[in-house]
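Same chain, two partners: chain A is paired with chain B first, then with chain C.
Then we have the complex of A and B:
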């Protein structure tokens, strides 16, 4: 080891080692010798390791030291068993020369001990000193007596050093056996003496606390490792990222996040609503709401009927209508209606919390960007290859990602350098926005017109196929034509691709809102019709029941016997508008899935196959010119995902099975789209880095969450539930379940408490307080941002001065 | 392998290499056995094909340049001394060496020498300047044909613009040092050889 010029042994200033206990020393010496011999037979230090502070541990140190081969002549200076710093068995800790000197070659060249294996000895320097000073005074450590302060401090230092060795042992270029030996010794030392640091009687408790803390830290670390290893699809996404850039990968990360959230929602719904009803509720066929009506019974199993979610599908756990309104069910007295309502509201609450928490987390990351544009290209050029890669596939990915990163930097540079006519650019932008607003208005009016016409059609019977499906056709056409139109118009604006993407997303969002409006409008109409129908059917049903009983008594001549109940499938059923709404949402989701998958199959896959194989016998180059391979449409896919989630949120209350369908859809979507992207798409012409914060997607999601919350809350609060289906049947309003629970299940004072809390006199001040709190937090955060900018500017000025000076 | 290797390496040689490069005795013996295992022709020297058998070098876009750095001017074989001389650049810097005064010639693994090694990877014609063409060659090796030529040219121009201080449109060694000032070269260009 070249590094170790230990010329220590300088002045062996013997520290005060008078109070040393010879006996222990001897003992220790003996031990050490033995230990050391094992290492490298360097027994010179055998004696000098007797630290005054009869630290048994020293022995360990010695052992460790032994490890350091070739400890050149430790020769002299052994005399003063001065500070046995070495004793601190700083095995792996490098110590610097000066430290050795400091230790005043207390003979113990613990120096050697510090296993100086060409490691930096920086920290040792400090430790050396400590050790030097600390270890004065022989603390009869060996004996578990009460220790003086000095002993304690020394012991603590030693323990700290051992701990540091344990932490850094992996970095040392030693052989495995040596590392293991040192590790074992250090661990023994630490275990033995760490607990002993507590004073007197409290020692055991202290040791116990320390042990629990260590176990807790270890447990946390293992858990973190496990959690990171559990993140699904990480490798897939990395592969996509290295080939297509971070903006495409951000879509897949968003998809994965959505999958996680939907999984949790599914868990709630399934566990708290579906399972109890299935396990503890009445089975199929026992009561009217759970049975297929006799009129439909013949066709209930037909494929076409099932595909429309009628027949057996309609009378199953998938939909609202199946659930019984018994207040408590089963042995556990599980309150199903209450649970249903709570889960419905909890879905929104949980989604809201998760979205806002993610937004807050992303906002942190987006904060300071740190390094400026110094030497970006030079660094990329000289330092981007990772020399530790040995696998060919990884090398390909790295190659692709270097290329992508260069392209991203090029785009960023180009944007920074554009400086033309500002006025022309502004004018063009205003023009583009004007044109787009016109087209949005036009499409809005078109939708309104078509919906009006469909209402007229509803009253007629002789409709052609086109007239029946006019609304859907028009909406699909709009969805296909407008986005490319917006993109073409957006070329006038010449924004940075990242910003252009945001504008595009915003505009298509506005377009889809029109679709949403149509859909909700139609649905609302249907609900109103059903509500009117319900009134009359209810009367009819009661009348029918009376008739049945009357007939029965008439025919049986036995006024005493109770008539058998009507067969469930004969009872006249109300229209059950909630199930109808649920069916609509499920149908919409399923058709959305089909359309997406077909589009990918035809638009991307078939196109790629055609371009690849027809290219051999075509006049112009299909791959370079039209149509070439497709690029991954980020905005379309993100919006599809966001709107889909909005539908789920709206429909989950009326169709508990919808969340399960969505989970399956997201799962298959992940694999399908990853495959499609890698196999059929090419990277964008201009690859750009996604903005650090994904808050834009989250913002859209939040907006949709609010929009989908409104209809559900409105129906819960104002519309009366159906009289014969669902968990709220028989009540005047759906939230009456809560009132009922408060009255019957909770203690009386809670009821009065709630009635006080609902007093407007209390609510208005609370709202006022929240508004004030928001205002205050807002101004605080602005102040912080201002301070941030100032600091950044300062840093830049300092750097500039450095450059000049 | 051990026995055969050690017999072919004499003590005086080990001492000389130790003085020149700063490696320890055990490190030199171990590196010698690695040298022998790479030397498939068993003639005491390595050729370029021997290096290309190492997978990490084979897939490295700059692999050829690195292999070149082992061979002295216009030769096709490198013996053990030359091998060690090149590897000495990657020895970690130790504290005690940092403290030595610089009267003696700088050891092979000083920061300046490490940077010089890296510099020579890019400066093919050894004129102590990295010109635009040399940068273009490196870029072509790193990104292939995925970026158009004019864009590559712009990148090269931009790199020179960032680094060049005296306006001669090429990067001299001092400018190179300035560019990588904030990069932890001692850590990145060091291999922890086992003792």
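Then we have the complex of A and C:
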């Protein structure tokens, strides 16, 4: 609509200034939708009138009157009128329409409204003809003095409208000068009439309300400014963006987002679990679980032991085993075990909420997932240029890739028909998939084997460095070697590059997932072994204590003296499987960090140094041919980040310090990788967009979140906690803490309420209801899609008929 | 009125914040960068206009194939040459991160409309493709490919089949694209 209108005006310079105002479609002020719809119709009428060679204000007035009279949406309507007319030539029309306006909508026209009209006229005519409208201004203002209750209400409405206009004005595609004038005029109107409205009863209160609202808006704006200023690394990311395009930068934006989320998780864990235990709990060395056993005490400070997270590390706040199971600690009666469990569950809850919210926001911006092949060419034309590119080399690459993609799609269209030798292709694809499944299975088995071997190693003492870290090394090697292997096998398949990329990502995902879960299963085997050990150790420990006391009474002469308690480091300890699991996860994370940094150092930096300096004395051009500089591997890095996060989620329950380690890791990653990208990488040859994949990565994150939830929930619900370490020691199951709290701390009726809520008879109907709701929403969305198609067809038909007739 | 080249008044600053999608820091940064573009004499004028050549030296616009169109579209002078500070703010606001789809698609349409007639016809599309494929001959499309491409595009986007793409058709196509909002961005 607006386009058509604008086109007509292109001739005159004046009209160019007053940009068209297509009625703003629903956004910021969602509540304006209804008002806008009426306006839309109004503008539509008006535009059609324009098309029919300016049949004059009468038709427009008539058409518009009904619409306008019934609404309060004057602000935009006024703008619309201005836009359509634009230009000295139509001043006369304008004024006559104003007159008609005044005559027409009697129901709405009260003093205040007229006053507004005058102001509009003033503004509209402001560009040219001030004289004529100035008169009307004077006329209107005289009417203010006599106002009844009804008029006051109408005036209030007008003031509200103006305020809404002020709120949405930045969304109108007018030029700045015009917006500025509108803004000032609206603000003047609001100021003037708000004062007037304040007369009579409740004036002070009204004035106060108005002032508070202004302050609130100002505060909001300042807060927004502050918030945007607080976002770290904007400059860095912008630099990367201008050199590499938005796809590489999207990785860094993702990294920054992860950093933020981890920071919040760290805050929870640190503030609610670690700090209370440190400040209010028993200090190191006071009870057995907090002390290094006598046997290990000599080597507890060795560097190598600490690197393995044994020794002093193991008996510190980093791990589960350190925490005491006292129900309340300190002056504040802080319930540590309950807090520990709640933080563990809250970590998942918060992460889930944040991921889903980001996914929803991403989906919103993209307008949902449009059918893939719908507008290929149009999108390539209109949206393929990346305006963030600020570097000539990247721009050249972009030109080349755009040209290639144009040519490809033109050829694709034609090639879609022919399909040579489909059988051979199918066979090759089946073969490729078979090989890949084999390698996936092989890697899974390898990990299982290695973890089992490490359990045997655990009983021995004389281990070489390789044997100690075998598990981590093998897992990292698999992560490095398999993806290129998959890529080479995938060449058999001859898919379209974008589809091939999706397959590749899916396979790497399956690889990582398989590895992680195999690792977990092996770990849980170990846990079960430890649990079995526990029984015998518990007996041994008790027996040992009795022996000690017996010895003491034997040796001392005073039979009535109570023996001092055993030194904490002498008491026999249970195997404490939770700390063991925590240590495994921490070691895995640390080795993952080391491997990533080493890979960047060797794979990218060393390569770049070699290419740059060896180029002077080498036979062929290293920079142009093999190996040349590396490109930044977006998908590999993003997947690595996603899986790292999955490991953190799994391990955070057993090792509260893990989240802190991850925060440090993300922080250093940011600086390190930014440096590496700028110093050693070159822009991609095929510069492609990231935004559509953004939700893909979020989806992966969501999947990993669920998958890491499972082991933790399983542990909480079924495995018995160790008898002598951790905040849940002594209980039958970990969630017994909650039961205890409900029984002891909360009022009685809440307990009965919870027991009713947990009743299967209530839960099953709730689940059924949710399933039905999903089904209903699904069918509604399908109905909408159908309606969409119908409307499109109708539009085409109408246009066709218009052309004919 | 308008800002004097040396200092941006506080009232004006808060008005600009109301009127654009930019934050206070962004507006101040824009002001700084804009005054750098002005020549010495212009700085003392009440409403200075930076010449097009100076604007095209901005690093953010330097490599953009549409840079001349952008300056023309946002310029409010008669000869479509040069931007005042308010034009510059308009530009940044439309290209900012928080601008809505409607604003962006509106201006994108105007940028692509090379002959300023309110619709995208075949000539416009042809010029558009040539801009996108770069200056050198190796990267240009052959006339046949060009014709094929343009007919494909019109087939996809021209709903009312009048041979041109008007604003609503353009906005319809653009609104379904997931990439548009994030790529149509310029940040100082």
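By our rule, the second predicted complex is superposed on the first by the 451 of 805 C-alpha atoms of A that agree within 3 Å, B and C clash if a C-alpha of one lies under 4 Å from a C-alpha of the other, contacts with A are read in each partner's own complex, and residues count from 1 in each chain.
Keep in mind that, in the parts below, contacts are C-beta pairs under 8 Å (C-beta built on N, C-alpha and C of every residue); 3 or more make two chains touch, one makes a residue touch a chain.
Every value quoted in this text rests on a predicted model; they were computed, and no experiment measured them.
Judged by the touch definition given at the top, the superposed model places A:395 against both chain B and chain C.
In the superposed model, A:183 lies in contact with chain C only, and not with chain B. Contacts of A:406 after superposition: both chain B and chain C are touched.
In the superposition on chain A, A:175 contacts both chain B and chain C.
Between chain B and chain C, it is C that contacts the larger number of residues in chain A. After overlaying the two complexes on the shared chain, residue contacts for A:381 are found with chain B and with chain C alike. Residues 1-4, 171, 173, 175, 374-379, 381-385, 387-390, 392, 395, 399-400, 402-403, 406-407, 410, 413 of chain A contact both chain B in one complex and chain C in the other.
Considering their complex, residues 15, 17-21, 23-25, 59-60, 62-66, 76, 78, 86-87, 89-90, 93-95, 100-103, 106-109, 112, 116-119, 125, 128-129, 132-134, 139-141, 145, 148-149, 152-153, 156-157, 159-162, 166-168, 170, 173-187 of chain C touch chain A. Contact residues of chain A toward chain B in the complex are 1-5, 94, 96-97, 117-122, 171, 173-175, 374-379, 381-385, 387-390, 392, 395, 399-400, 402-403, 406-407, 410, 413. Interface residues of chain B, counted against chain A in their complex, comprise 18, 22, 24, 55-56, 59-62, 92, 94-97, 99, 118, 122, 135, 138-139, 142-144, 146-147, 151, 154-155, 158-159, 162-163, 179-180, 183, 188, 192-195. Contacts from chain A toward chain C in the complex involve residues 1-4, 6-8, 10, 13, 17, 22, 24-25, 27-28, 166, 169-171, 173, 175-177, 179-180, 183-184, 221, 224-225, 228-229, 238, 242, 246, 365-370, 374-379, 381-392, 394-396, 399-400, 402-403, 406-407, 410, 413, 689, 691-692, 792, 795-796, 799-800, 803.
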